[in-house]
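One chain, subunit A, appears in both complexes that follow, with subunit B as partner in the first and subunit C in the second.
And now, the complex of A and B:
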């Protein structure tokens, strides 16, 4: 097992998440089964206290997971110096069979826990706590995702082997036969960019119309589409190399850590968009205008940042890549 | 106005040192009534007042205050309700010694974002009414017991509450000041306030001010 101080920090926090998460899971089972906001029975009052405790635990797990995700990427980037062939976090993540699965779990869990917090906030805004049972039932489900991620984390760092030669991101994100995502490179740029900017235009339109269902679908579609656009088009302008498509390398110092800004605006924007939609659909008396606004600003900032690179390149060189 | 149905409160429930402070207490208080809650020290009076004020939650039972199930309200809503409807006079005053009389009086309304002008107007009016206007800028630690009691009453009334809860209000006062307090309560009664006074001070037992008495002994209603 690779035990650098960074890895130990991640594993210690994982262990704490598992400990407190299990405690919250056990209590959530009881709350999900027996909570009745209209009861004046002793058990109900005890459940209300437990609900407060569990909600606090879940909140803190999320607050720590958010920066920990960025720290995981940073650590993977750092480890890439030790693994032969790896140039960035992509090589490290891909050096283990379930590395990409772990990465997917981390992103999915951030969204799930984020939505849980949104539901929790919505619940506390109502005197009768209408979503308490629902939110703790959801946590019971989300807990398994959390456990899966934590075990993947342990196995991931355990399986990392500095003697193993791995493929670099230049090979992994390319049209070569060794790349598992070579099929996406068949998508022509004009079509991809039309879809990307068309979806963003739709996002803007639906933001002004406050169309909850449409906004939900657009945000859900915008996540994979943006990652695709980053790999196929925008990334090449960040690197100023037509053959380099890695969505991880621009997280490095050489590119002024711009990747963190790109992903925070993308994931933040879509998260607030999806949350605004779900909340509006759940409670149609309110519009949740602030969440719509956050989504719009962050998504617009994301589009502005990624669009600036090709435009600046063209301005400086007079040609496209 | 205040309705309690089989309210119990057990501290450290389930533990070896569990203590039953209230046991199935039920009563109703109508709007404008002045009710005396009497009983020896440790009988559960203060616990009961804190539950009525939404400062704590019962272990069992229903508490409705001003139409709200205060025992079921989430903390945030309980605080809002308290701020709008309840005035509380604590046994030990709970004033902030390093703040002035004026600052102590307006403290409960600071979170409600009421304009400063309105706050000043309300506080000045109360200070004049209870005879402490000249002490406006004096620090609490420089006031006598009786003056501190007046500040406490002003603070309890700054939100113009419908319900006033008093926990051993004369415990730290001499006979003259206690009588003064009774007169103040008499004035508030004429204004239609619902007042609950928890005390074991015999001064209150036969006063015409009191409409009804409820007696507690070891957490049980007698």
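And now, the complex of A and C:
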């Protein structure tokens, strides 16, 4: 167990989330079961008040989770100095079996809570409150994701062992036979890049056409594709090293923390994209142009940043890696 | 999802806080004080960690100790040539040092032998050896001492010399040649430097022995291989790397501040309860206010938002005040009382100046443990206030 101040801060906030989350969960169960906007019953009146409390709690959790997630990555990076073999967060995360699962949970939960808030805004805008039951039923589901994440968090910090030797990201993300993700390295770069830029082109096209369903699919596809492209191609140009594929190292100081910008633009862009599509699909009367716009700007910025590295490298050296 | 900043609401929140003058000020003061305490501890730990990391940078890559039955023993100088034969070893320097217990003052001095003809293990020793003539010190036994040692000696009326008692019970008179002040006084305060011959005499060590041997290694990547080779040559040896020292220092201070923080949580939770309690108990004035606001058309959400503004104002201003106060307390006043938690309680406590370091990570920890916690404490009371029924409170 690591009892450093950073870890304590994360665990204390986790405990708070769990406390408030459970509270909100219990209230949500009642709201999801009995809420009826047309009823004049006393219970309905109390439920409407409770709905506000749950919404406030969820907002509180979400707006704290955003900076806390960045802080979590930052802390993992610092802990990597302490653990033998680890050179960045990748080693630390992989030092426990469910490390990647924890990471996935953290990202998924941010998306889920974000979508919940989008739905909440949409709901409040409509005087008949059409999505209230749906959104609280959804929260009942999301709550289990939250609990899973918090328990993973706890076990993660509990299982961290300073004396254990872990694998460095250089071996975790390598094309050698011992690497567990070796098979993705078989994808040739030209195909990968044409898929990446092709998806982006589709993204731009659908943005101008405001095609909700297409936009949703493109954004959903863009997340794994971008991470793959970062590992296989763009990462090597950030490090200027053809053998280094780690998607975590560029979060470090040596690369001017560019990873934070890269991931914020990627996740932000796709989040707004998916939200815009869901909102447009749910409410056909409006197009939610501002969300489309945010999505487009952030994604374009993401593509510009990652493309700048290979181009600048080529400009300076006259060759590709 | 859309957060629009409402300056009118902000002004209203400020006024509301002002109207409840004492109550708001008390909460602000308590939160500031608690955050200040926490911030001070974390800043001190961070500064000491930084100071130690500077010290460690100057250390040689490997230190080899001889163990017998798990206890540290002197190491034979015969090993030197064998060690130098290992590829990648730049230098092997024997060190002669130990602790001398001075009964009268009840302190331990760290006595370090200097060999003028050899390379010094640290840079600042190199500058000291050039500043003083250690060759002459052999003929007329003399020493160079750290500031703390000089103070202790002066207090015990040893102005120009000191009588060491050797292991045989004889006196070894050593005159005081000068005072040495390193950049990092954390390590030099209790140090005494003198020629190796005299140190050996005081501690009764064989001339062909040293306390340990340090290795300088040019290429960092070769350290692991060299460790294996040394281990194969001398299985009884303990090899300490610079990296291991750094890690253990960092974990020690993380652990110390972690323990403090863990205990501090009790304090934080108590504070939470008090805030929760105070925020829940509404005065008739406040109830009337909510009633009037509702009567003029405010919705529950608007009142919630206003309460949120109030809480943010208190939380952020308390956070800022606490950080500024803590920086002043630690760096200007040099953290009286609190830094004893970290420096231990030896009489020859190093009187060092904490180096100024502030980083985002530390500030984030302080932030996460103050602002969100306060917000959490007022979340439910705010909701209770906001959902009061207008007709009930105005009655």
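Everything below uses one rule, namely that the second predicted complex is superposed on the first by the 321 of 321 C-alpha atoms of A that agree within 3 Å, B and C clash if a C-alpha of one lies under 4 Å from a C-alpha of the other, contacts with A are read in each partner's own complex, and residues count from 1 in each chain.
Just so we're on the same page, a residue touches a chain if its C-beta (ideal position, glycine included) is under 8 Å from a C-beta of that chain, and two chains touch if they have at least 3 such contacts.
Every value quoted in this text rests on a predicted model; they were computed, and no experiment measured them.
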Requested in this report: Give one of first, second, both or neither to describe whether A:57 is in contact with subunit B, with subunit C, with both, or with none.
Outcome: second
Query - Touched subunit A residues, subunit B compared with subunit C - result: C
Query raised in the report: After lining up the shared chain so the two structures overlap, which partner does A:12 touch, if you call subunit B first and subunit C second: first, second, both or neither?
Result: second
Report task. Kindly classify A:283 by the partners it touches after superposition: subunit B alone (first), subunit C alone (second), both, or neither? Result -> neither
Report task. Considering only the touch criterion stated at the top, classify A:211 as touching first (subunit B), second (subunit C), both, or neither. Result -> neither
Report task. Tell me which partner A:3 touches in the superposition: subunit B (first), subunit C (second), both or neither. Result -> second
Requested in this report: Once the structures are superposed on A, label A:37 by its partner contacts, choosing first (subunit B), second (subunit C), both or neither.
Outcome: first
Query raised in the report: What residues on subunit A does subunit C touch that subunit B touches too?
Result: 49
Report summary line: Seen from subunit B, its contact residues with subunit A in the complex are 5, 8, 13, 57-62, 71-74, 76-77
**Report entry** Residue numbers on subunit A that touch subunit B, as the complex places them
**Finding:** 37-38, 40-42, 45-46, 48-49, 124, 127, 129
Report summary line: The residues of subunit A that touch subunit C in their complex are 2-10, 12-13, 16, 20, 49, 52-53, 56-57, 60, 64, 67-68, 71, 74-75, 78, 81-82, 117-118, 120-121, 162, 275
Report summary line: Counting only contacts in the complex, subunit C reaches subunit A at residues 1-2, 42, 45, 247, 250-251, 254-255, 257-259, 261-262, 265, 268, 300-301, 304, 361-362, 364-365, 368-369, 372-373, 375-376, 379-380, 383, 386-387
